[in-house]
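What follows is a set of structures for review.
Two complexes follow with chain A in common, the first pairing it with chain B and the second with chain C.
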Partner chain A sequence: MRRKLVGWGFAAVAGMALGIGLLVLIVLIATTALQAAPITAMRAVAGAGISLSLRSMEVPGTREAAGYVTVAQVEAGSPAAELGLARGDALLVVGSVPVERPSQAWEAVRGAPGGRGVVLPVAWLPRAEVALGTLRATPGGVTVATPSPMAQAGGLAPGDLLLSAGSIPITGTRQAWEALAVAARTGGAPVEVKLNRAGEEIRLLWDPVRRGELRFVRDPLRAWWGFLTTLNEPRYPERAGLLPALVGSLYVVLVMAAVAFPLGIAGAVYLEEYAPTNLLTRTIEVLVANLAGTPSAVVGIIGLEVFARALGAGRSVLAGGLTLAVLILPTMVVASREALRAVPRTLREAALALGATRWETVRHHVLPYALPGILTGTILSFSRALGEAAPLLLLGAFLFVTYVPQGLGDSFTVVPLQIFEWATRPQDGFATVAAAAIVVLVTLLLLLNAVAILLRNRFGRRWAG
Partner chain B sequence: MSEHVAPPVLSTRKFSLWYGSHQAVIEVDLDIAERQITAIIGPSGCGKSTLIRAFNRLNDLIPGVRTAGQILFRGEPLYGRGVDPVEVRRRIGMVFQKPNPFPKSVFENVAFGLRINGFRGDLKAKVEEALARAALLDEVKGDLHRKTGYDLSGGQQQRLCIARALAVDPEVLLMDEPCSALDPIATAKIEDLIRELASSVTVVIVTHNMQQAARVSDYTAFMLLGELVECGPTRELFTRPKDSRTEAYITGRFG
Partner chain C sequence: MATPSRSLPRAARGRSRRERLATWGLTLAGLLAVAITLTIIALFVHGSLPFLRTVPLGEFLGGTRWAPIHEPAGYGILPLIGATLVTTGIALGVAVPLGLLAAVFLSAYAPSPVRRVLKPALELLAGVPTVVYGFFALRFVTPLLQGFIPSLGFWNGLSAGLVMGVMIIPYMASLSEDVLYAVPRSLWEGAYALGATRFEAVTRVVIPAALSGIGAAFILALTRAVGETMIVALAAGRTPTWPPDPRQPLLTLTTAIVNIATGDHEATAFIWSAVFAIGLLLFLTTLVLNTVSYLVIQRFREKYA
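Showing the complex of A and B:
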């Protein structure tokens, strides 16, 4: 009875631990996935052909700044280009939402009712040269030098002294256009422009806003696929791409695996099967066990001093891979030794008694038997290395890498570093992109761990008998 | 009789063995006759396993083991300089107390020893011959490649281990309590097998079971606390023991 109770107790504690673990994992993934969700709308905007950036104007007479959104890039041949949007235009409204920040444009696309594709009205103020023409700062204020055709059509004439747009005083040549944009967005068009023409104050009701409809394709699959497979465009989160970081991670992990896998197993086999028990091997054992606990940042400094500087590998894929190899080698040796130690002595004796040499015994019987355990340890080490940012940061890996590394000597970035870089950007949208990259990284790590479990089960069943 | 004329295959000369500071075998002098079955009996912990493992230098692998005296294998010192223990183990095979097949197919279990010894010839025929000698062939013939060593019963596993050892044609077969993990029927089969083997190999068998020693062996050696108390033809040792300690043991007064 008591034994049963104890058993139940253990089962309850184990179940609770497992449940809490799973819950934390699910909450973690759910929240990051939620944070990453706007990426679909972001890439839909990018897909329509425009990149947005946030600008701000100081409102004269106040200490406040008013934000507005400019079109930073227009892709040639895109729907946006066909509509007439151009670089430098101020985007004012998407759907029914006035946009003060880029994120509001994405939110408007995200929140619009409809299916995968939506057609939304957009309104924008053409860039300063088109909307206003050239202005000049004169002692009296901002004067129209040569009005653009559009400004002329709206009623502006050369020599006009611009006073205000909406309720915003005009104080500068650039600011005049900004005031127009902010006034059009907040007060709507037409905008009441006050000006002084030949000493006389004139109120002009002018509508400088252009309108049209843009089609946005909200396709999560396409968005995520695009995120994974495009080069990184570091300035615009809606064009951020994880490809350079993914390839960088892959290369670095490959270099690391090529170095750490054979060395780790060889080291473990030597220590476990060959090394005599003397002071030297004891010392090595203690050293290895302690190295396994070295903070990864310290390993990064070793990598910087030894591989990047002394060996002249620089901030290359090679140096990164070697640094990570140093990081995981001790763990790999310890885990592999554990697996080797679990091989029954009777199996070794069976082979040795047949006249097998030590190496034949190890190669044909001990290693195959220990392999699932070794592989499990290896994959777990690899997944740890895949998630490491600190050592590579110290190594000096580049944060801005917009190309895919081609060889061992190229500079690189990795997914965790890219996440770090994105997460520290203050601009709208980078948090979303960072969250998306986290989702990718966590998925990768889970996949690797699943493979480790599968390996263990598959081989475990085959051998255990 | 003629067996006294033939030189012994193995003979120990004041052989001692230490595990660190603990002496497990004390100055043993023992001759193992060619193509005979020699049983080593004695109470638990008296050094039977240690001695038999010394015959194929399996103790070398245990750290802290030290030996003194000599073991001669066909007149050559087994622990001499320049003797390769791997070579020794190829000529002196061993079967262990607990069946320890490799986690591989039945065929591979037997073929392994041949492969590492660079066997050239008909591997399949040789494997089947070894399985036949171990009286296992009929039971596994259809599944040589399909079944692993672990798929067999305990008795079959032990016969597989015997076949594995026989495949490389050893001159001596050492058996350390080969039946202690088996039921009576499997034990009987293995005992029959051992009797048959004696026509082609020299067998040294350690056993706890005095009846078994009496049933299968030609010679019996009795060990106590690391020392060899007495050795002689089995019938003589069991009927007219020379030493009072032997008598006490075989009549069940201790052990």
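Showing the complex of A and C:
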């Protein structure tokens, strides 16, 4: 009885071990997909015409930094431009949420109730020239030189010495506007501005905030399609595009395939059909197995030294494809050998008995028979190459390629490298974009794997039958 | 009118020429592996010579300060080796028991249809790109672990090692399953005939019989962990520390290479030479380990086939 229980317990533990592995895979896919979800709202903000960037100001007298968001870019003719938003304005409120980081603006758009299209109130502080006019640093502090019409309407006059906005002391000409932006951040009540006019301290209640309504279109399909088909804008995650990396990956894999496919099959045919059983063959086998396990970073150094430098290919598509070919060749050989080994002996013997030479036997009988198996192995090796980042990272940092490569000599980036680049950036939004690119890459690889498995099942049955 | 007797020799000549051509071409393709290996060794030895001539081997392998671009420079790779051992150790701590148990389950317990579904599913784990694992470690596992270990850094060796372990499970499981499956039926039947339960047959007969093959799988998993780059580059940070602490950022051998190759500074020829020295060390390590693993597996196959 005890023996039986121990046995059952062991079986359960072993099954659980397998389950843990699969569970991690599911968690990985699920959490990444969740992290990618805000991309719809991000692109909805970009679609309204604005790009945001995070700024921060050190609050004088404290060690704290206050964050605020500026409009870094406004697309001409967009709803945002029509509303009057301009480059350099501080975006204060979206919906009912005070915005201190760009991600809060995206979250506000994402969380707003309603359907695909949603109209939200926004509040912003116009850029310094419009809100304040020209300021001058004088020995006594920051003085208003020429107030803008908006500042005049708010009560500022030439010669006023600015003391504080809200409770934030004003210490510089640029900082005066920043203090105003931080003080007005809630977007609701007017800001109390303290100033010194002709030796007299004045408190001014001023509302410099402009308000309006902006329509955001939250369309997941349009967001993902835009992400896949636009060039990359490296500064703003809401305008990040995967197109250069996708095309780069395609080109590099094509170059790699042109080299690794024939060479891999040839190597496998040699080892399986031609090689005599001797020390050399054994050495080759060991070396192939070893190369398959060589760290990809080491292969990357080879790519850089041999292809990029010695052969003069530079950091181009050609050098990248050749480097991946070296990386994938041993895997190709191993996979193709397995397919060749599955070809029945009788087939070869029949061909040879009919007077075919060895090459004719291989060319007309063995290879066609083994082709589905070889293709399965090829797809799996190529999908590995498609996810490989380390060797290409070493080949040269193609991290800031924003255009689509046109030919073999162009520099490029690939999807995994682009993921790496986005994942290492600390600013808001890049983790979302990296997660979105991962969703694309993993979907692509799963499709390739599914094709390989289908191929194996379909032709595997034919062989057996 | 051409008679067969006249056209035959010409055809035969063509055939034999094609035959020779094919043999030569295929032999060259076969020798490519040798050529690549020799190129790697020649390139790395040649490339690392300027470095190894200047920096004593004792300082290189025994020094505890790695700061190739600072003044004064430090060229000791002990922190890198320590970091690699830490992440590798954690990874193997996850992958070896889980991979082995999964292999035992697949080969000894799972019914055939279950096995046919679960084995490819497990292999999908190996198909996930490492940069994806790195992102997962950085953005999911580290925040999760920080709930339990408050002193855990944003970059740390622990979560990188754990996730790397998950990545290696299929390598460990697949090869172990192969060797367990290759253990002859007769050994199973002998154990059953002596009254053993399935558990006893697995643990006292089959696993010991497959031990050399499992050892080879272990070595293969080890080389994967030592050579892994993107997971540690993303999740373990880029700070050489001595002694290595899994809760803190670490710089492994592979990330040290990446660091120099992608750094903002202009890498001088001498610093590149240090990259070659590290690359040579990595290549030789994996060469020895892979060769041992391969030969052990071959021996195992010959023993039971």
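Things worth noting here:
Assume the second predicted complex is superposed on the first by the 436 of 465 C-alpha atoms of A that agree within 3 Å, B and C clash if a C-alpha of one lies under 4 Å from a C-alpha of the other, contacts with A are read in each partner's own complex, and residues count from 1 in each chain.
Note that in this section a contact is a pair of C-beta atoms (placed from the backbone, for glycine too) under 8 Å apart; a residue touches a chain by one contact, two chains touch by 3 or more.
Source: prediction; values computed, not measured.
Looking at the superposition, the partner that touches the larger set of chain A residues, chain B or chain C, turns out to be C. In the superposition on chain A, A:Asp207 contacts neither chain B nor chain C. In the superposition on chain A, no contact is made by A:Glu82 with either chain B or chain C. Using the contact criterion defined above for the overlaid structures, shared-chain residue A:His365 touches chain B, although it does not reach chain C.
After overlaying the two complexes on the shared chain, residue contacts for A:Glu129 are found with neither chain B nor chain C.
After overlaying the two complexes on the shared chain, residue contacts for A:Glu349 are found with chain B alone; chain C is out of touch. When the shared chain is aligned, chain B comes close enough to touch A:Thr277, but chain C does not. When the two structures are aligned on the shared chain, A:Thr357 is found in touch with chain B and with chain C. Looking at chain A, you'll find residues 357, 360 touch chain B in one structure and chain C in the other.
Across the complex, chain A meets chain B through its residues 276-277, 344, 346-357, 360, 364-365, 369, 462-463, 465.
Every residue of chain C that touches chain A in the complex is listed here, in rising order: 15-16, 18-19, 22-23, 25-27, 29-34, 36-37, 39-40, 43-44, 47, 97-102, 104-106, 108-110, 118, 120-122, 124-125, 127-136, 138-140, 166, 169-170, 173, 197-200, 202-203, 220, 223-224, 226-230, 233-234, 254, 257-258, 261-262, 275-276, 279, 282-283, 286-287, 289-291, 293-295. Contact residues on chain A toward chain C in their complex (touch as defined above): 3-4, 6-7, 10-11, 13-18, 20-22, 24-25, 27-28, 31-32, 35, 263, 266-267, 269-271, 273-275, 283-298, 300-302, 304-306, 326, 329-330, 333, 357-360, 362-363, 380, 383-384, 386-390, 393-394, 396-397, 399, 416-417, 419-420, 423-424, 431, 434-435, 438, 441-442, 445-446, 449, 453. Against chain A, the residues of chain B that register as touching in their complex are 56, 58, 61, 63, 86-87, 89-91, 93-94, 96, 98, 100-103, 112-113, 116-117, 148, 150-151, 161, 164-165, 168.
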